[in-house]
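Shown next, in structure tokens, is the structure this report addresses.
Chains here go by letter, A, B, C, D, E and F, matching the order in which they are written, and residues are numbered from 1 within each.
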Amino acid sequence: MAKVLTFGEMMLRLHPSGYQRIIQANQFDANYGGAEANVAVSLSLLGDESEYLTKLPNNPLGTAALSELQKYGVNTKNILCGGPRLGIYYFEKGASIRSTNVVYDRAGSSFAMATKSDFSWPKILKSTNYFYFSGITPAISTEIEESVFSACQYCQKNGIKVICDLNYRGKMWTTHHAQCVMSKLMNYVDVCIANDEDFEASLGIKAFDGNMKFGIDQKDNFKKGMYEITKRYPNCHIVASILRNIESVETSQWTGLLLKDGHYYQSPIYDMHVMEGVASGDAFGAGLVHGILHHFEPKNMINYAIAASVLKLTINGDFNLISDPEIRSIQDHGTGASMSR
Amino acid sequence: MAKVLTFGEMMLRLHPSGYQRIIQANQFDANYGGAEANVAVSLSLLGDESEYLTKLPNNPLGTAALSELQKYGVNTKNILCGGPRLGIYYFEKGASIRSTNVVYDRAGSSFAMATKSDFSWPKILKSTNYFYFSGITPAISTEIEESVFSACQYCQKNGIKVICDLNYRGKMWTTHHAQCVMSKLMNYVDVCIANDEDFEASLGIKAFDGNMKFGIDQKDNFKKGMYEITKRYPNCHIVASILRNIESVETSQWTGLLLKDGHYYQSPIYDMHVMEGVASGDAFGAGLVHGILHHFEPKNMINYAIAASVLKLTINGDFNLISDPEIRSIQDHGTGASMSR
Amino acid sequence: MAKVLTFGEMMLRLHPSGYQRIIQANQFDANYGGAEANVAVSLSLLGDESEYLTKLPNNPLGTAALSELQKYGVNTKNILCGGPRLGIYYFEKGASIRSTNVVYDRAGSSFAMATKSDFSWPKILKSTNYFYFSGITPAISTEIEESVFSACQYCQKNGIKVICDLNYRGKMWTTHHAQCVMSKLMNYVDVCIANDEDFEASLGIKAFDGNMKFGIDQKDNFKKGMYEITKRYPNCHIVASILRNIESVETSQWTGLLLKDGHYYQSPIYDMHVMEGVASGDAFGAGLVHGILHHFEPKNMINYAIAASVLKLTINGDFNLISDPEIRSIQDHGTGASMSR
Amino acid sequence: MAKVLTFGEMMLRLHPSGYQRIIQANQFDANYGGAEANVAVSLSLLGDESEYLTKLPNNPLGTAALSELQKYGVNTKNILCGGPRLGIYYFEKGASIRSTNVVYDRAGSSFAMATKSDFSWPKILKSTNYFYFSGITPAISTEIEESVFSACQYCQKNGIKVICDLNYRGKMWTTHHAQCVMSKLMNYVDVCIANDEDFEASLGIKAFDGNMKFGIDQKDNFKKGMYEITKRYPNCHIVASILRNIESVETSQWTGLLLKDGHYYQSPIYDMHVMEGVASGDAFGAGLVHGILHHFEPKNMINYAIAASVLKLTINGDFNLISDPEIRSIQDHGTGASMSR
Amino acid sequence: MAKVLTFGEMMLRLHPSGYQRIIQANQFDANYGGAEANVAVSLSLLGDESEYLTKLPNNPLGTAALSELQKYGVNTKNILCGGPRLGIYYFEKGASIRSTNVVYDRAGSSFAMATKSDFSWPKILKSTNYFYFSGITPAISTEIEESVFSACQYCQKNGIKVICDLNYRGKMWTTHHAQCVMSKLMNYVDVCIANDEDFEASLGIKAFDGNMKFGIDQKDNFKKGMYEITKRYPNCHIVASILRNIESVETSQWTGLLLKDGHYYQSPIYDMHVMEGVASGDAFGAGLVHGILHHFEPKNMINYAIAASVLKLTINGDFNLISDPEIRSIQDHGTGASMSR
Amino acid sequence: MAKVLTFGEMMLRLHPSGYQRIIQANQFDANYGGAEANVAVSLSLLGDESEYLTKLPNNPLGTAALSELQKYGVNTKNILCGGPRLGIYYFEKGASIRSTNVVYDRAGSSFAMATKSDFSWPKILKSTNYFYFSGITPAISTEIEESVFSACQYCQKNGIKVICDLNYRGKMWTTHHAQCVMSKLMNYVDVCIANDEDFEASLGIKAFDGNMKFGIDQKDNFKKGMYEITKRYPNCHIVASILRNIESVETSQWTGLLLKDGHYYQSPIYDMHVMEGVASGDAFGAGLVHGILHHFEPKNMINYAIAASVLKLTINGDFNLISDPEIRSIQDHGTGASMSR
């Protein structure tokens, strides 16, 4: 059974319940998550062997984050313990025309303060087959960026496949900085996920005009961008993207595109009533990786990934608490109409 | 004033709040309900005299269930007390394309363990005018099935009208078993409610292809099925059905069909934003019975029943906490647009 | 910097969480609000200098209401302390076709029991530039009605502009009574907000047929009503209205109309998913006043007011907890599609 | 089986959860209660036939209060429906040395606005054996005071025993007013409950110095006061009192005294950890009445009443949700040490 | 590192929040636990290698129970999946003199329906050094009783130490039945925990008069009982007991007794304010086993076990979420006085 | 009216509800507080003019903290806006023998990152009469330490009295560092509060052996320490201390000592049931300052301060939401026995 190791930062997520604003809240719902942790949990729930690597503080918050990973069966044996604090993000869920607001409080975290020498890749990656990171990880610090680079080099030398979700975060670095780093890392990447602004912000490839209301309408441009990635980075033979038309916080259409071996595949379009709009990209990534691990046909691979992704829109918290049969059922019936009793 | 007695099982319903999954829940919202209890409560709230018959354990859970019935004015004087436990159903509310999931934990309940001899029909039904049960009741056990049969026989002999909601439950019995039992019981039934899969699963009558997305579109087939019921079971002179097009957990269209004395009547179609999709069939049943008790014109009868039913989609818990003026207001204005201040 | 003083009653709002009915509730969410208090809070949050005038009881409920105003920066220095009680309104939020239900329990409140002599207008209005009240205020009692009249007279003599939201409440007074009072007060009003039934109920001007499902469709009649107001009350040079098509509790379209110096201006139409349908008229009023204070162009004035108003539909509680940049962002992009991370 | 009818006002109780102050609360826990309603519910839970008489508004709050009574089996058939509002009391639970704070908002309630003619005693009391009221009832209004007087007269003429808990409330009337009214009513009372300040405030009998820290220490004075009651009002042959040493909100000692036919009986003293200090007097009253209904020996009567009373200190809400076996178990073992598993 | 395997049933625990009674609850707090699962979790949190064996249903409740074990690092690899349902226990927390009430709903659970052949001991116990069960396990069913017997036989043959907490449950079996089974099993037990009624109920040894208010006062009798155990069952060389004086639900004194190699050791006595009185025996058992695993001196062994036990009284839920340093700190300072900041 | 300005850091406080541990929490209760903010709020609630100075981030968390201050009437006009983040402290409330656990996450906050030049003392302190800080403030950073020093120098030159609560925090700095800084600042201090370990940790004066169980028993040593402070720092003419015997998280005795003009004064001793043990030192400080502002007699001054302090033990959150009449009532009656109704 192939093993996937994901590498990144895990945070405490605090959000006022319902559609309260932060100024109204005298309670915050607490969850733990982070792009790569989310992928590791998803894979474990899909029955795959997954490991997560990060650094967590030696305090009850770090322990709580670690326990959440264990709860869902993720291997945590290489997670480092120490450093000053667990990063936080405040999540103020929007409604209708009012956008969701994310406030980062992640500076100075244990992971951000970690050093290259903390990560001994030969030991860590010994029995790993796939190494997964998103663009958030190298954005965290120079030391972490260099750690990712070391890991990628080690992977290439040792036949470990590298999967990267570009995952650009404008609150973490500039597009210039992102492009410098990501274009270097892309030389090691076998599978690339690029959504929305990632093309341009992370790689300088123009594929999307930035209007989230009309993402699907720009499918042809997306295709060109995906093709451009494979052209620039020949090591990368799979590119996958989510395309969305987002009408409001609750209403959107979703579809997935896959470029593999020069062929394009598109999933069905899902009309969604969205409960929570975060971490669906990670759910997509996990679905894609699961398809790769199990050698799905390309059409099935993108269909499975997008079904995993849209199911995340119905789940509370960062983790996509969905099983393989549930994803398959959506692929087959595409609806919440039935209720088995 | 005519009295209705309903007969069935009452359960504790446990559901994680909001759209949480069971694995996330450290609290469950608790309600008490069950198809026939729901009907009894509805009728009481509509001003009718209703009694409920079941068996509840002699423990705080049984007492709590009993108290909920009393709270809403249902006559509970014949309810039996004893047996091992109160049945439970876990209700994991779906969202968008993710279906609602119901986990039954009702085996071995006080009602399921009750015996025929527990129910002394002549004493119980003395002052009753209508006897109501759903297909769930005979599915619970052989003893209960035989109790229903005895009750029906008593009713026929004593001029008590029998109302049956077929209410097929695939998790409780096979279609074969259901058809054996229900086709026998139907000979005593005066008023029959048949929804969706009930036609085929309970009676072997093909009327609906099983696709809940396109129920209303199959209206003509439903009509044939309704007619077939009256043909097969001549004692049954009223058949009513709910037809639905369910797009997602939150979005559906609803309409009602009534076959009475050879004439069909259809209610308006309601476009619904659904808060909770359970027990709306029971609300429909109660609305229909209320119409029968008060000798509504057929058109008004089905309109009233479907209005009661769709209002249930806006109510939390199994009981349809709706008053007669509220149902009439929906019949007249069909909207939630106004707010009286 | 111009100062606005608003005058009215503040209440405790109690509502069962989620879509529970009052009979189900063993907890009520508690907020404090009232039309004119809502306007004062909105203006303060938009950066304007606002003061609120009312009378609150000398008990923990009165103190809590006062503290909420202070929390959001409203000047409370002239608020009177004393009298029997804080008024209450119970807010049973509807869903889909089930209408929201408001139960008033405001009789005998400290404000309703206040007397004319409680309000010493020359002292209170000394440094005020705008005096704002809604039709709810004079509906409360004869003493309060006369207080409003005195205030208006003082304003006219002292160059203080008077802004009135007609805000008819059928549970508080008859249309006959409302028309007697409001038509007298309108002679002092410089800026008038008239929504829906206000035209006819408060002023006897026919402009809207009462069907909230088709408000926008009656735009031409609204325009005529607005013009009629300026004609009847020449002192009134600005009239603004919200027009709505309300399909259900959750779904509606909103637009704003402005008549200024004989010209009409209409805002864009917003398609809304509504979280909470109260106090959006107050949010509209505050947006309009903000535009007046800052000498917005008429087109921008109505656009700003309606954007403020529809944002309120996404906010929990009576106060519109929205900032100026958030309103401008909606004016510019009109959507909740983006999420900045 | 003897029937008890209790007569008084029922209110909505709102309290911030835990030990929050009102100014901190954005939620209130909601219960319904009132001295005489509490007694009726207790009696019903102890298996007695009890009826409650009051007037409730015709709105969801009135319906909710009514439903709570029905839930616990109280006969509500004579309860009047109408009038302006349901009274409220805010309950800010103290802690340690910080006293509990009760804010009444009961003026102008449906019951307070009821008139003498609302209560047709011959019809209401037809099958009643015991009439129970507390001193709160006549304190509500002159009309209610006169209604109590009429009821007492009717009872005396018709052999219905009258039970009165003096229950003085300093926030409702002066001692002078209370003494005028209660001394007149006491001529009709067969059984009197007098606690703490009631002796002096309601009847002008000096028995207690007002220091709740040292109630039990003044037992001899209490005895004299009890005797004085029987001397002044020869119709009254039973007097019962609770004596307390209250150290803090959580800690107190409780004992009961009974004077019957010239003999005194004292219950054991209970050392209590108090969860909620309201309505324990009503629990005592109900326990006493139950003892009278079932002809308990005097010693058992006071022991039972005080056990019922102290169990109330462990219960959330106004109603004493305790069964007869639970009271007997406390009488026998006097402890919470055991846990049956 | 030595490994401990514990064997028993895991249940869903439902309890109304605070000190609510079940009849008041519209929410239940949900936890998962069971005597032997609690021990396994404790050991894992203390840094030991622990495994838990049970059978859980293949539904979301079973998965949730499993996930909770994983969360705290317990090895779950041999847990069986299948069977009808997860057992439940309702936990109505008492207060002051009102006892805690436990309602079992565990009949027919997946574990109770398991068969002997489900448990292949040679495979399961391969790398186990200690086998732990409590008297609850053989009380569940004859099949489970025989499974325990097989396991004990296997252990004896293979040098695996057997630890048994007698843990008598009067709601599960009679003392006669318990004595038959337990006296047979005791021949295989190396370490025995006997508390309170266990001596007599499980083994027929008189050591405690049943009055939980005065357990510590009967220390000499306990000692005799402990000695009698070692005399009757020579294989058993360690007996440990908790002695308690329970004044009320919140107040009790706790001490531990250990008999080892003919010597008695007593821990200090702890004066406790109790938050939750369940599963402290399991915490004691885990503390004792931890001491055995790490070869603590006998005095330290009993001190550690009782410190672990009393810390459980401050923890919400069945699991004793306490670390080794926290136990040591209580041993050293015996107080909650300090707060490190 | 004299004005007090307090200077320090404000944090978000997150704590799991009830006695949950952090690892169990999926919700955190949120409050805002900090030693000097707590003092400012207390003074405002006591009717004094108070201002608070800090630096808060320009994000919703900073705005929420600011709003909480405004809610309670604190002047916030000089508060700086900017910097990276709001500090946090996690508060895991202990129970019985389990100590409360505080986890700081305050490094890198907006206040900690502020520079000397951010605080223009002549402008800020223009109309201030008292300057209050605690030892936490200079512990935050060198820049803040120097800011405090500048402020103290300015105060001395301009006749502004300086009040300092030594408030040693071992998690923020070493005793060596604290002594260096505080001994320098003490030369400017007019009024000093020294509790528990503060004597030695902040000033190197031995007065308390560190055992919180026996603080009051060491009264004579405390007196010597207080005298030593006035001797070493002649500018300091008032020293006040809280002495405690802490038996457990819930149970403690409290008394206050005051040294003024060479005379000692001791308050009564309070036996407390503690709901929440944080910020009572700040409540004491505010009570003392209120006494100074209003020229209380020394005996009354210390009695008032300790009454304010012990009332804080009954309040949820960092702010002491207590009024002047409530403090006076405790001084007069010293109990929670009464309940006014």
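Assume a residue touches a chain if its C-beta (ideal position, glycine included) is under 8 Å from a C-beta of that chain, and two chains touch if they have at least 3 such contacts.
The model shown is predicted, which means the values in this text are computed figures rather than measured ones.
Engineer: Give the chains in contact with both chain C and chain E, ordered by label.
Structural biologist: A, B, D, F
Engineer: Taking each chain's centre as the mean of its C-alpha atoms, which one ends up farthest from the centre of chain E?
Structural biologist: C
Engineer: Rounded to a whole Å, what is the gap between the Cα centroids of chain B and chain C?
Structural biologist: 45
Engineer: Which residues of chain C are in contact with two or more other chains?
Structural biologist: Where chain C meets two or more other chains at a single residue, that happens at 21, 23-24, 26, 67, 101.
Engineer: Could you pull out which chain D residues touch chain F in their complex?
Structural biologist: Listed in rising order, the residues of chain D that touch chain F are 18-21, 23-24, 94-102, 104, 169-171, 211-213, 246-252, 277-278.
Engineer: Which chain E residues qualify as touching chain B in the complex?
Structural biologist: Per the stated touch rule, the residues are 14, 17, 21-23, 25-31, 59-61, 63-64, 67, 84-86, 88, 90, 92, 101, 103, 105, 107-108.
Engineer: For chain C, which residues count as touching chain A in their complex?
Structural biologist: Against chain A, chain C makes touches at 270-275, 310-311, 313-317, 321-322, 326, 329-330, 334-341.
Engineer: Mind listing the chain A positions that touch chain E in their complex?
Structural biologist: 67-68, 70-73
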